[in-house]
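Structures incoming, each one as structure tokens.
Both complexes below contain chain A, partnered by chain B and then by chain C.
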Partner chain A sequence: MLEALIYGAVIALISGTALPFLYRSKNARKASFSLSFISSILLLVFAGIVLYTGKEPVFPAFRFLPGLDFTLAADRLSAGFVLLIAVVVPGVSLYSVEYVEHAKGEARKDLQTALTNLFILAMLMVVLAGNMVGFLVFWEIMSLSSLMLVLHDYSSEESKKAGLFYFIMTSLSTAFLFMGFMSLFRLTGSAEFGQLDYPASLLTLPFLCLFTGFGIKAGLVPFHKWLPYAHPAAPSSISALMSGVMLKVAIYGFLRFLLSVSFPQLWWGTLILVMGSLSAVLGVIYALKESDIKRLLAYSSIENIGIIFMGIGLYLIFKLEGFEALAMLSLVGACFHAFNHALFKSLLFLCAGSVVHATGTRDIEAFGGLIKRMPHTAVLFLVGSVSIAALPPTNGFVSELMLFQAYFYSSALLDPLLKVLLIITLSVFALTSALAAALFVKVFGITFLALPRTKYAEEAAEATNPMLLGEAVPAALCIFSGLFSSRILVLLGFDLGIPDMLSLGLILGGACGLIWLAVRNSGPSESPRISKETWGCGMLGQNSTMEYSSAGFSEPLVVIFKKIYRTEISTTRTYSDTKESIFKSGTVRIHLIKFFEERLYLPAAYAVSLVSSQVSRMQNGKLDTYVLYVFIAVLTLMTFTRYYA
Partner chain B sequence: MNASFLLFALLNTGFIMLISPFFMSLIKKVKAYTQGRKGPSLLQSYFDLRKLMQKEVVYSPNSSGIMRITPYLNLGVLLVATLFVPVVFIPDTPAGIGNIIVFLYLLAIERFFTALCGLDAGSTFGGMGSSRLMSLSAVVEPTMVISFAALAYVLRTVNFHEMFAVTAGSTIPESPTLTLISISLFIIIIVETGRIPVDNPATHLELTMINEAMILEQSGKNLALIELAHAIKQTILMAVLINVLAPWGLATELTFASFMIACLFFLVKASMLAGLIGLFESSIAKMRLFRLPGFYMMAFFFSALTILMEVFA
Partner chain C sequence: MISSFLADPTFLEDMVRILFVFVLITAALILSTRNIASLLTVYAVQSLLLVLIASSLYFIEGNRTLLAIAALTLVSKVLLIPIFINIIGEKIKISRDLKFNYLEPTPSLLVSMGLILLAYVFLSGFFNEFILSKLFFMGAVIGLSLTLMGMLVIFSRRKVITKVIGYLTMENGVLLFGIFVADLPFIIEILIVIDLMILVLLTTILAIGLDSTSEEYHQRLQTLKIWSGGEEQ
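Right after this comes the complex of A and B.
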């Protein structure tokens, strides 16, 4: 049964990858997306069974080298992430059927369709990989297929830069993973993922390597810069997959390692918690300043990844301090937040894709009034905004509630230093959550409400039905998984004592209904609704220039957090006289410092290019020189093995 | 959902709804006295609500459904929030009611939709108000969460009903640290209800206003619903402070006598607190917007101090 489901899903995805190349037609693309839709249904059933029964199936698949069997294996952790893939893919594939047709040129459409399937397949295989070799192989396929999707508009300068940035960062991530897995392999002598019963001092190097590697891929500050470049460049359906699923695959990998360590150390937990808090708060603060809708959503992903890492850090700390129940609460909270973020972020990216397609721009300053022109998209976007702003009874609230509850119950924790750390990170978490609400008031309000600011927004038309349907799937799941959260978790065996959102939702709905019934008939009966112009201090003829803009909306926060958005003011002046007393002309330039890019990435890049320019001197293109190099290398190796091995 | 809880929902929510406008007028009256005026009648808020209910609703053609659902949603959310804060008696609580984190986020729903409402009509005032509200509420959120966490630390539960069951049994505050939390809670009331020095509910001047700016486009019964929701919010936040600091009279079991006593006690205590808020508002000047984070830090400091004292005590 389980085998049939998995092989069915894999075969569907492989044929989905091959079809658009074999039959280059619109129908082939449609069939290809239907196949990915079908595979996600199969995966949904598979994940459901494994999660519910707790079976741990292993499927031997094929052999790379003698001794290196590539197996597929699943347990409840991987089934949870298979479920995450399976809930995001249906919406994306329904949406893409129509969306992919907007791409320029037949070849690009085919390529995008095929690569989407390959990308999904690779992510699935990473999660199901039974050993490190398979993990790394599919990790690379996942990275490369997404890279090609980021580069889909390969002729534009912006895409090229984004592609290069993404390629470097993802290679760096793989390099760190390689180092981490190699050092694990040296320790255990096996490529299997198994329990690591080693003292923590031996595992420090693997931990640091894997934390960095997975952190880069997940977009943890300070390795986050690729996200705001890659997401706007990629098609929206791919942004939804990358942000919704691929970042979570990195989380999965990290959890797979962390949960197998028998004796972790406290400083690991502290490090993870601090990095998570930093990502969370910086992600949302940078997002507030942004007015490119997709880049803004990318920054918001950094924030949510930060929250997930905070949960993981809390899990380690509570576990080591002996609070099993709180540790479980934090871990399930982190995983549930990963699941929820997959849902609402893919929803938001898909809706953003519709808006960008309808208006032809990504700048939210150019939008406005879209709720009248795209009412369905607006409602779906509102569902996503409410979830991501963590308002009850949606799913985004439940996972944040779990983390808050873990914090609030930690009164028995006695270590004073840890307590101070928890107070600080708790306030950072609260700040993040409130800033996220402010952010999504801004995004929704500026994009959809009031009057259109440009003619692009004025002429926008509602998205077509398949696209709306694709957005409706994650929206419905957001509400469903919020309302039934505690029931589902109890069904899966996690009785965490979180409040029941279903009863809260019913009471809330009932209260609003009662109020409506009570005041329905009050007021004058003859003219219940009059329409009059917005009040403008007596001036008539309101227009869109009187509205608040995106930059205006976030200005108070920019002022409050001006230490974080660093600006550099450079002035040049020329004077009419030599004593510099009569001012002739001058310029002032205010420049927003991209802190991480200018102070961390660029110096590193300069250092690398400096070293490589030295190394390139050794390249002269003559065969005999290279033979000499090989000879020296062999000689060195022989000497080395003679004396040291 | 049991009978005791249904009764509680009716009595508690009904009582809070009934008395909330009174405290709005009371604060106005106190402020008027300190300024040497006579001030409006103590029932003025009720008259205003009745007047608004009878007026027609005027919508801007720029506005959308957000403007139309927000009044209902806001009042609905606040009515649900009243279930979280018992002022007459403490019922057998069904799961999920009374959780302080849910309570905080119910208030966040109200904020979120009020802010959207401010942007909806496309008015500059509305945008200004929602921008300021969301910014300031973001900065005050750590303070609120830390204060509530301090409550949870001291009273060892995250449920208001259980907390108040602990405090109601004692005549003096359960722990001296609760007095410290009360200072933070008082500042939170000032911030959340938009009073001086944060916001000035009495003016319509764009330099100062936050809350009034967002509801500028509301009218008729929608405005009445929003005003009522605002009054209820003030009452339940006051009730949290009262139940923590001076919980006398709060019944743990329902009899007719205990109900009457609880109502009377709450009325007296809340009137005193309302008077205090009025005096506080009269004695301090409106702060510059960007000096407010410092004001919040004060509340943050007291709550963090509470937690630390609990740790080292």
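Right after this comes the complex of A and C.
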């Protein structure tokens, strides 16, 4: 049964990859997305069975090369992430049926369809990989297929830059993973994932390598810079997959390692917690400043990844301090947040895709009043915003609540230093949540409310039905998994004392209904009604320039966090007289320092290019020099083997 | 009387030791001699020394292969190859190789002293477990350092023709090492010699067809854009 489900899903995805190349037509693309839809249904059933029964199926190995078997294996952890894939893919498939047709040229449409399927398949296989070899192979396929999708608009400069950035970062990530897995392999002598009963000092190197590798892929600060470049360049359906699923695959890999370590160390947990908090708060602060809608969502992903890592860090700390129940609460909270983020972030990216397609720009300053033109998209976007801002009764609220609960109980900890750390990170977390709410008030308000700011926004048309349907699936799941969160978690065997959202939801719904009724019925029906324009400060009419703009909305926060944004203001003045009292002219230049890019990435890039230019000087094409190299190599080897081997 | 000397192993071993010293002297000469004709003579002398060493060993050990190796070396390396190269040298009218890369003769002599020391240290670690007689150990050391010195010749001298001699010296080193340590099968010796012949023939084509220093060769490659290495174009 399980075997049939998983092979069915894999075969569907493989045929979905091949189909657009074999029959290059619109119908083939439709069929291809139907196949990925079908595969996600199969995966949903598969994940449900494994999660519910706790079975750990292992499927027969394919032999890549002698000595390199590739097994498919699933346990509850991987089934949880298979479930995550299975809930995001249906929406994306439905959405893409129509969305992919907006791409330029038949070849690009076919390629995008095929690669989407391949990308989903690769992510699935990474999660199901039974050993490190398979994991790395599919990890690379995943990275490369998503790279090609980021580069889909390969003629534009922006895409090229994004692609290059993404390629470098993803290669770095793989390099670190490779080092980490190699050092694990040296330790255990086996490429299988298994319990690691080694003292933590031996596992320090693998831990650091894997944390960095997975952190780069997940977009942890300071390795996050590829996200805000890659997401705007990629098609929106792919952004939904990348942000919704691929980042979680990295989290899965990290958890797979971390949960198999028998004796972790406290500083691991502290490191993860601190990095997570930094990512969370910096992610949302950068997002507030952003006015490119997809880049903004990318920064918000960084924030959420930070929250997930905070949960993982808390899990380690509580586990080592002996609070098993709190550890479980944090871990389940982190995983549930990963699941929820997959849902609402894919929803938001899909809606953003509709908006961008309808208006032709990604700049939210150019939107406004879209709720009139695109009412359905607006409602769906609102659902996503409410979830991501963690308002009850949606799923985002539940997972953040779980983490907050874990934090609140942490006063039981004995170590005073740890207590201080947890209080600091708790306050950072609280700030993050508040800022995230402000962020999505801004996004929704500026995009959908008030008057259109440009003629593009005025002429925007509602998205077509398949696209709306694709957005509706994750939106419905957001509400469903929020309302039934405690029931779902109990069903999966985690009775963590989460408040019942269903009753809360009913109360909230009832209250809203009552308010609506009250407002509707309590109008001044008897008193004479005067219908006139409001006083417009002497202006003849209200227009869009009087609205709150995106930059204006975030200005107070920008001022508060001036230190973090590192704005550099330089002024020049010239005066008419020598005593500098009569001002003649002047300039002011406001420059936003891209801190990580200018202080971390560029110096590293310069160093690499400096070293490589030195190295390329070694390759001068002269036979004599090459013989000299060989000579030196031989001498070095001789010395080395004499003294060290 | 000669036969009584040949039957005396200690005398023969002393002889081999003296020959070792001569081999080293020839190697030093190959590193520093500028005149190509004398370089060739030195090479021929070096090969002849190897012939003598191999035949002395035959009288000590009685292994027939050694005699065959001696004969092969005599024909190929003492006679045929020097003659070949001499012909090339006359055709391309180069009698001297004056310039050096990276190492001038004096430093390269110093370096080669270091090489002998390194070879000694390296092999003494390597052959600890095998009990190798002192003579054989010395042979291995000289063979290895001769190989390294041959390599030194390849990159420190400019003309293709001297580079070939460096390569041939390396091969002599390998032969010496093989005689004393590895017991190379005779067939491999033959194959190596055939390789050397082909190398010399190829050098003829290259040296006459293209110019005589590898630098000009390199320049020609660059102007023809066959091989764009480095950034200097």
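Heads up, the rule we're going with is that the second predicted complex is superposed on the first by the 574 of 645 C-alpha atoms of A that agree within 3 Å, B and C clash if a C-alpha of one lies under 4 Å from a C-alpha of the other, contacts with A are read in each partner's own complex, and residues count from 1 in each chain.
Assume a residue touches a chain if its C-beta (ideal position, glycine included) is under 8 Å from a C-beta of that chain, and two chains touch if they have at least 3 such contacts.
Please read these numbers as outputs of a predicted model, since none were measured by experiment.
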Looking at A:L331, would you say it contacts chain B, chain C, both, or neither? Reply first, second, both or neither. neither
First (chain B), second (chain C), both or neither: which does A:L468 touch? neither
More residues of chain A are touched by which chain, chain B or chain C? B
With both complexes overlaid on chain A, does A:T639 touch chain B (first), chain C (second), both or neither? second
Going by the contact rule set out at the top, does A:L19 touch chain B (first), chain C (second), both, or neither? neither
With both complexes overlaid on chain A, does A:L297 touch chain B (first), chain C (second), both or neither? neither
In the superposed arrangement, which partner chain does A:L151 touch: chain B (first), chain C (second), both, or neither? neither
I'd like to know which partner A:M546 touches here: chain B for first, chain C for second, both or neither. first
Chain B versus chain C as contact partner of A:S616, first or second or both or neither: second
Going by the contact rule set out at the top, does A:L628 touch chain B (first), chain C (second), both, or neither? second
Contact residues of chain A, present in both the chain B and the chain C interface: none
Seen from chain A, its contact residues with chain B in the complex are 368-369, 371-372, 378, 386, 389-392, 397, 401, 404-405, 407-409, 411, 414, 416, 419-420, 423, 426-431, 433-435, 437-438, 440-442, 444-446, 448-451, 486, 499-501, 503-504, 507-509, 511-512, 515-516, 519, 522-524, 527-536, 542, 544, 546-548, 552-557, 559-560
In their shared complex, at which residues does chain B touch chain A? 1, 53-66, 72-73, 75-77, 79-80, 83, 94-97, 99-102, 105-106, 108-109, 111-112, 115-116, 118-128, 130-132, 134-142, 144-146, 148-149, 152-153, 156, 158, 216-217, 220-221, 224-225, 289-290, 293, 300, 304, 307-308, 310-312
Quick check: in the complex, which residue numbers of chain A touch chain C? 616-617, 619-625, 627-628, 630-631, 634-635, 638-639, 641-643
In their shared complex, at which residues does chain C touch chain A? 101-102, 115, 118-119, 121-122, 125-126, 148, 151-152, 154-156, 158, 163, 214-215, 218, 221-222, 227-232
